[in-house]
Amino acid sequence: MITITRRVEFSAAHRLHNPDMSDDENRRVYGVCNNPMGHGHNYAVEVTVRGPLPKRTGMLMDLKDLKEILQKTIHGPCDHKHLNHDVPALEGVIPTAENLAIAFWGWIEPELKVYPGVVLHQVRVIESRDNFVDYYGPGAR
Amino acid sequence: MITITRRVEFSAAHRLHNPDMSDDENRRVYGVCNNPMGHGHNYAVEVTVRGPLPKRTGMLMDLKDLKEILQKTIHGPCDHKHLNHDVPALEGVIPTAENLAIAFWGWIEPELKVYPGVVLHQVRVIESRDNFVDYYGPGAR
Amino acid sequence: MITITRRVEFSAAHRLHNPDMSDDENRRVYGVCNNPMGHGHNYAVEVTVRGPLPKRTGMLMDLKDLKEILQKTIHGPCDHKHLNHDVPALEGVIPTAENLAIAFWGWIEPELKVYPGVVLHQVRVIESRDNFVDYYGPGAR
Amino acid sequence: MITITRRVEFSAAHRLHNPDMSDDENRRVYGVCNNPMGHGHNYAVEVTVRGPLPKRTGMLMDLKDLKEILQKTIHGPCDHKHLNHDVPALEGVIPTAENLAIAFWGWIEPELKVYPGVVLHQVRVIESRDNFVDYYGPGAR
Amino acid sequence: MITITRRVEFSAAHRLHNPDMSDDENRRVYGVCNNPMGHGHNYAVEVTVRGPLPKRTGMLMDLKDLKEILQKTIHGPCDHKHLNHDVPALEGVIPTAENLAIAFWGWIEPELKVYPGVVLHQVRVIESRDNFVDYYGPGAR
Amino acid sequence: MITITRRVEFSAAHRLHNPDMSDDENRRVYGVCNNPMGHGHNYAVEVTVRGPLPKRTGMLMDLKDLKEILQKTIHGPCDHKHLNHDVPALEGVIPTAENLAIAFWGWIEPELKVYPGVVLHQVRVIESRDNFVDYYGPGAR
């Protein structure tokens, strides 16, 4: 198996808050991440795809294409935005790193359909040097 | 001359907006940084002090003290906050990296008064790997 | 599958030495790492847990709790210590990165028992940018 | 399972070009990476081995040995070289990160044969912070 | 004094060779950096400007403009190029980090003329984590 | 003015303790850094030299030479050592980062005497990402 990984970065604000919970429960569950006006991060997302390696090109897929897919699906909608307010595709999503990883998976995977044999393998969402999330897709056990 | 530098990090949201300018001018001047709900960064601040080196301790000043000063003056007020809304000491300040560096200088310097000979030398505010600001104090030409 | 990873750092001294081997064999096996007074590192440990993602919170487990567990089990006992002399739980352990990863696994796993569904997945011990160890637990083949 | 990873770095030039394709196709497939004189990177390679952990040493394998193997097989032939012209073992190989990972696997694996139980597990070739390739060997599915 | 610094990165090949010296002298002076086909780096350039801080904007200069200047003057001509062959403005320049810093200064400074009060302060050329050059302009003593 | 900087790294143990102070005072002044057996760091040292730029070579000084000087004066004596016990040239020196920077200056400067015009400009000692010391020599005010 061989994989390639491409990284994209964006700067965004977010707030962790579930409207189905009371204010007290929100504060207890999310702590300072529940502060009403939100806080922010320099997010980095590392997207990994796998597949057979075409002999002719020696490239699993064109890195420029992967870069453009990440610009279009992730950087475009999320950079310099407040994830709770400015990103329609995240409406109703509590923007934890876990939920972002799952959402990004859903945004990236359809774009890869035109690349024969290329399969989305892993999405890593890095909130800071000290914590990150890895998602391996709905099919991974 | 000898200096010591201590780094502190915090995650915050901010928005660049001057209420004395029209919405159009704000958008023209600040671009995506003017988005109404703000965006965010993992900020890092590197604070440098200089002074004579006491032979007895071999330490320009106690690093634990410097760490505590930065926790109290910077991390405490700013971490997991929206800099435009949640930090009273930044009221009326447009939170550009330049203005933050000047504000932080003003917050740190009084705390150093009790350390004989220790002088605040430089405050670096790092918004991201790609841009940072250095401030050398109101007396520097 | 989804995982979250949290990083903790500590500064410590260590020496590689097996009292069951001769001095000559120790020097041959461990080289400069066998120097009698030891040397040191800024260690980083990345701890990864996996589990089902609760819809209500969107968090695999509370990151603050994971941070506190790592403070208590790793940073507290090991920071600013000599691993061969100052850490009772490491008595009799040759403090290679491999053995540290296994020890840390044993310290962290019991703390996770109170989090339903959360399973310790990986412990990475980073001695320097140039070498690190990954441990996947006694059950991994 | 336990693994150790060792990192080696080298600076090299390369050009992506397949002589079996027309100039036009080369430009379309490889873009700026096809520029005739090549460009370059500070490459980093992270090599991971797995195996049983000998109780006596607490080291999966001697890190000094692994370091020397990487110096000999990777740094020696590739550092300060043009990968298309100066590395005999890469003759006929289009030096994409994917092909380099596969080539390096082939260079490293024979060197590990003298270490009982030690198995090459993963080769990561990092071209830049923004993209890297992972290869798990010809046997991995 | 206050400064802002913006970073730009590019990947390029280069060879250190002075046609006015014999091949022997070139090899003695430049060592492996004289290899005929060149080698390469992921270069990073940090460009620092200083000036008065306009109260109205709180920005020394528009960071988007500085970013565009660096894209146009540095990234455009140098990225994915061989510095000895593909960059007309470097013709006749031995592409050491020192000479690159001086050349980049000369390319950037004219672009800043339209920004009243803004002065180019420092150009740092980073060849790798292990070595970099700082240039403070022809007027600095 | 133009400068070049070269980085060297070493792993070492140290303990902050002044034998002229009581045990109580040592603990109060140095805190956990006074733990009897010491702790350790992956130290990095960045050494900067300045001077006129020879047109013929375009190199302020030969980087290979600077690398060898740092290997000989810093890495050789300090790597994989306990700075309080194993480094004769540090006998009687309390190994704070400040004192190390001053000591390293004294070790490096004589080696530069054979390079006409080259002057030692700055020594940075980095104990961790979070704190470092800069020394500009005994002549700097």
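As written, the chain order gives the labels A, B, C, D, E and F, with residue 1 at the start of each chain.
Everything below uses one rule, namely that a contact is a pair of C-beta atoms (placed from the backbone, for glycine too) under 8 Å apart; a residue touches a chain by one contact, two chains touch by 3 or more.
Here the structure is a predicted model, which is why all the values come from computation and not from measurement.
Chemist: Considering only mean CA positions as chain centres, point out the chain farthest from chain A.
Modeler: F
Chemist: Looking at C-alpha means, what's the farthest chain from chain D?
Modeler: The chain farthest from chain D, judged by C-alpha centres, is B.
Chemist: Using just the Cα atoms, superpose chain D onto chain E and tell me the rotation angle to the nearest 5°.
Modeler: Rotation angle, to the nearest 5: 180 degrees.
Chemist: Have a look at D-E, C-F or A-C and name the one that copies the C-D interface, over half of its contact pairs being the same.
Modeler: The same interface as C-D is formed by A-C.
Chemist: Between chain A and chain B, what is the gap in Å from one C-alpha centre to the other?
Modeler: Taking the mean C-alpha position of each chain, the two centres sit 30 Å apart.
Chemist: For chain D and chain F, let me know how many angstrom lie between their CA-based centres, rounded off.
Modeler: Taking the mean C-alpha position of each chain, the two centres sit 34 Å apart.
Chemist: What positions in chain A touch 2 or more of the other chains?
Modeler: 129
Chemist: State which pairs of chains touch, listing all of them.
Modeler: Applying the touch rule to all chain pairs gives A-B, A-C, A-D, B-E, B-F, C-D, C-F, D-E, E-F.
Chemist: Residues of chain D touching chain C in their complex?
Modeler: Going by the criterion above, the answer is residues 1-7, 48, 53, 56-60, 62-64.
Chemist: What does chain F use to touch chain C in their complex?
Modeler: Touching chain C: residues 9, 11-14, 32-33, 35, 37-42, 79-82, 84-86, 127-128 of chain F.
Chemist: Within the complex, which stretch of chain F touches chain B?
Modeler: Residues 16, 18, 20-21, 29-31, 93-94, 96-99, 101-102, 129-136, 140-141 of chain F touch chain B in their complex.
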